[in-house]
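In what comes next, chain A is part of two complexes: it sits with chain B in the first one and with chain C in the second one.
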Partner chain A sequence: MAAAAPIDLGPAPATARAGIVVPGLIFGVLAGLPIAALVVPENYLLDLGTRIMIFAIAAVALDLVVGYGALVSFGHAAFIGLGAYAVGMLAAHGIGEVLVALPAALAASVLFALATGAVSLRTKGVYFIMITLAFGQMAFFTASSLAPYGGDDGLTIAARNTLVGIPIFKYPRGLYYVVLAALAGTFFLCRAIVASRFGRVLRGAKENATRMATLGFEVYRFQLVAYAISGGLCGLAGFLLANANDFVSPAYMSWQRSGELIIMVLLGGIGTLYGAIIGAASYLLIEEFLSRVTEYWQVIFGPFLVLVVVFGRGGLVGLFAWPWRRRHG
Partner chain B sequence: MAEPVLRLEHLRKSFGGLVVTDDLSLEVGAGELHAVIGPNGAGKTTLINQISGLLQPDHGRIVFAGRDVTGLPAHARAAAGLARSFQVTSILPGFSALENVALAVQARSGSSLRIFGRAAEEDALNAPARAALGEVGLGPRAHVPAGHLSHGEKRALELAIALAMAPKLLLLDEPMAGTGREESGRLIGLLRDLKGRFPMVLVEHDMTAVFALADRISVLIYGRVLASGTPDAVRADPKVAAAYLGDEME
Partner chain C sequence: MSSLVFVQILNGLQLGVLLFLIAAGLTLVFGVMDFINLAHGVQYMLGAYLAVAFYGLTGSFLVALVLALAATLAFALALEVLVFRRLYGRDHLDHVMATFGIILFLNHGVKLAWGAAPLSLPIPDLLSGSVSLMGGLRYPVWRLVIIGAGLAVAAGLYVLVGHTRIGMLVRAGATNARLVSALGVDISRLFMLVFGFGAMLAGFAGIMIAPILSVEPGMGDTILILAFVVIVIGGIGSIRGAFLAALMIGLVDTLGRSFAVDVLRLFMGPSPARTVGPALASMLIYVLMAIVLYLRPAGLFPAKGR
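And then the complex of A and B:
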């Protein structure tokens, strides 16, 4: 022990810098995108941007539990669906007030997360993945059988939500900025959580749950709270998605959707939060353009994902950092 | 003797047909360093796991600080003041040494459900953590990721984590395991400093360490207490010499 040189490394500067620069770039680009849309005549760019940001909210929320808690949930689409159905069902009864619909969306998704998490979190690893998948499918089939609310066909929303009468979602640009604000809020909330006392326990449990228990932490409680927060943020994404699409459908809850969310997190870079935003954007852009080239776009996307995961060592974020890593060791 | 810190009453634990703890009773008094020795497979780690709550005994009672903790899970016993180290180093490798210890401070401070404020910058957590690291000689290594520490440093870090919990009892499962002569010498010195400040249960193979440190020694064979007493009494016990100590005593 005495032989070891006393070196104080301090916090890693590279990671700290990336944590400021990358989110800065991301939000800079997103905030400036509508200006580019002035040149492009149609609202195509805004729609695509809105869609990307909504899924980015869900991906960031998923990264909170997957990347920092090692809780690989394969049922996160259910929370999006619940948030969306809250909007759709209220709209079907003529209620289009944000102050009602948003709390309802959040409450529905948080409660579902607490109930299913309470059971799922008693299992680990593959069992956790399977049980979250099972709960997700339960929600999917329940939504499919809701005949008064469209059943399999889904439910068209006659009018988008308004905030005390103000039509904040009516125009593409307004919707875009509301979604951007929601994404920024989600990102900075999750980032604060990760760095907090609570987040430290969550990260500790990911590294060594037995150790955490012998320190005196009831790991389960912390994981359940994280799961509920993550579920609630997906409910927020669902609330926005319903308003953006004027439509809700059981497909929002399909297990393929849950899988896509995991892919977004992996593709961008797990455990960074901003990687999830990059992942959501990349996935949806690749889908958008490749699906124009060929119907079988996934045949190209699959190998691409494998390459990124293998060589990126942490997704696209890791891939971009590669030249930097080489220079600085 | 005053009320013991830890009292084990007729503990029994078996895995299938294999009895690993067999009607075991034992007391650890205030301020006492109680060593548990025995050959491999005598059930020492199983015993520590039952005391710390990672395993439940099949029969018997565990009374800690005047309270029956037999049915309590590990986290509740830790919160009640029972700290332990592991035979196979158990730390958070991705966390810095300081963060490992700060987490132990945080555990006893409560209020870990706070989701705002940067934990890494909280002086209320870092100051006691630095003090504990200083005590085990890891002060200059505070910001090194725990996974990058040398083996001896990791053993010292385990001790620092246990100290930071401000425990009522320290359970040390072979703290010297795998360390070189120089490192184990340092660790023995460290334990001698801690002796008297905390009651300790020390499981250890290093007989030099055990006889240098222990107030009382219990010898475990096949999950039973073969003999229990002061180092001199245990050394003189012919049963012990026959069953276990043998040539190590010569």
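And then the complex of A and C:
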């Protein structure tokens, strides 16, 4: 048996404050961005903001299982792809109704998560990372072989989804606010889950699965449900991504995409949920600005990631919170 | 038909030994240091690029081979000392992020250094011909050389790991690194040795395959994923498991790609078979891995005794 872990007295005061202040700041900035876009007379800002928030939804969903369940999924891009393909395939048959496409996207990703999670959760640690990777690759190759839906080349979506005939995704501003609402919904849902009894079991299993099992919890079931919720939320991100890009492609499901999602979560700071939003924003903003400096922006970004890992434990949030912790802790 | 099958079996073996060369280092680094090295695939790419570069300078394949191996080893050791050494014992996620960063850097760094266009390395004249197999089919000598070299490395590793003092330490390290350290073995030197040697094997694989495949950025990514499948099926830390799993994956993947459509045509019409076949063939090894992990969650030959 492992030695008794110190009793968790709840988050330290500084962290608790950060848990209110930081998300407040994030959502304040995001809600105000379209006003700034009035001054900058182009949709560039809104497009970038929309893309950031879509990946932030997926990153928050991933943080739910990685940060609170220690379930490192290396195949989460598959869920985004499934959600996106649900939109694309329905659109190819002329169905563009949100009330059909959204449930389809959620159902596809949740069912895939339940099926693959049921197998993957039998394994632990590195094996779990690898088996989720394998399932991600299976989804990737399936999408690549869907000849009627574009195969490798992907599928262009003729018209964005409408909600009972209302074109809610047609204008950049409308799309932006829908995505913002989805991100806020995702964030507060995950936060509620983490704080609930369910979330405590999940976190308990992260610390010590044997102890939770001894206490009478069927850890496997809790983890499977968390995995399915996470997969479903990534399906939501995929649904939005397909509508924002007017395009779906197998590349959405590539293992590099899954890796990027993990990087986003780590970059922002794992196990905070808002860190995932910061991470997604940092990743895409750094990409955006470095790619203007040089075509080979990854040559700068790669070593930056290494430096963050070596020196900034806890990602960017940890890096910035450090002086704060010193003063208040 | 039967000679065609035979050729595909040889191709499968060739892919298998190539995978073994990469997986051997990966499984040891994983098993001994508990370190997830996503950057192992770029070592393979780097080996191929360096061989092309040294061949351009010297005009001799053999000299290029030796210099490229030395350079790969030196690069790996530098990487170990500068970065990886600080990350042993950290969370797996830290490993993923740092090595992902190194992948990004190298995949795009080679574009800066050598351009984005694919390069090629000529086969040495002596070995560039083909031999005739039964049924009048001809088979390239170089592929046989790859198979031979891979099997020779496997045999060498078998002796090295199974019957030498250093191999004993490596095996002990894969089972329980802390205990080995507590017994007075300089574990950090052992780690460095294993890491450098493993990276050099991956570089060797890249050099040997360079005359057949095009040398291009990102060539290590696909093979890395395959190598992970191999070591997970074989059981992390087990050289024997890696060898058997590598041959299995090589054969299953090659034969699947060659014959999936033909086999499916026995059950369905030619048109759906042509659609489903390639998809099924690409997925086959992942399905295999999922089944193995479902039945044996720690792979076929788990090294950690527990």
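Miscellaneous remarks
Everything below uses one rule, namely that the second predicted complex is superposed on the first by the 317 of 329 C-alpha atoms of A that agree within 3 Å, B and C clash if a C-alpha of one lies under 4 Å from a C-alpha of the other, contacts with A are read in each partner's own complex, and residues count from 1 in each chain.
Definition applied: a residue touches a chain if its C-beta (ideal position, glycine included) is under 8 Å from a C-beta of that chain, and two chains touch if they have at least 3 such contacts.
This one's a predicted model, so the numbers in the text were calculated from it and none came from an experiment.
Contacts of A:Ile277 after superposition: neither chain B nor chain C is touched. Of the two partner chains placed around the shared chain by superposition, chain B is the only one that A:Phe217 touches, whereas chain C remains out of contact. More residues of chain A are touched by C (comparison of chain B with chain C). Applying the stated contact rule after C-alpha superposition, one finds that A:Ala147 touches chain C and leaves chain B untouched. With both structures placed on the common chain, the touch criterion links A:Ala61 to neither chain B nor chain C. Taken together, the chain A residues at the contact with chain C in this complex read 66, 72, 74, 119, 122-127, 129-131, 133-135, 137-138, 141-142, 144-145, 147, 255-256, 259, 262-263, 266-267, 270, 296-299, 301-306, 308-310. The touching residues of chain C, when paired with chain A in their complex, are 30, 36, 38, 83, 86-87, 92-94, 96-98, 100-109, 111-112, 221, 225, 228-229, 232, 236, 275-276, 278-279, 282-283, 286-287, 289-290, 293-294, 297-299.
Only residues 1-2, 4, 6-11, 192-193, 195-201, 203-204, 207-208, 210-219, 222, 225, 229 of chain A touch chain B when the two sit together in their complex.
By the touch criterion given at the top, residues 52-54, 73-76, 78-79, 83-84, 86, 90-95, 99, 103-104, 106-108, 111-120, 122, 137, 140-144, 150, 152-153, 156, 161, 165, 182-183, 186 of chain B touch chain A in their complex.
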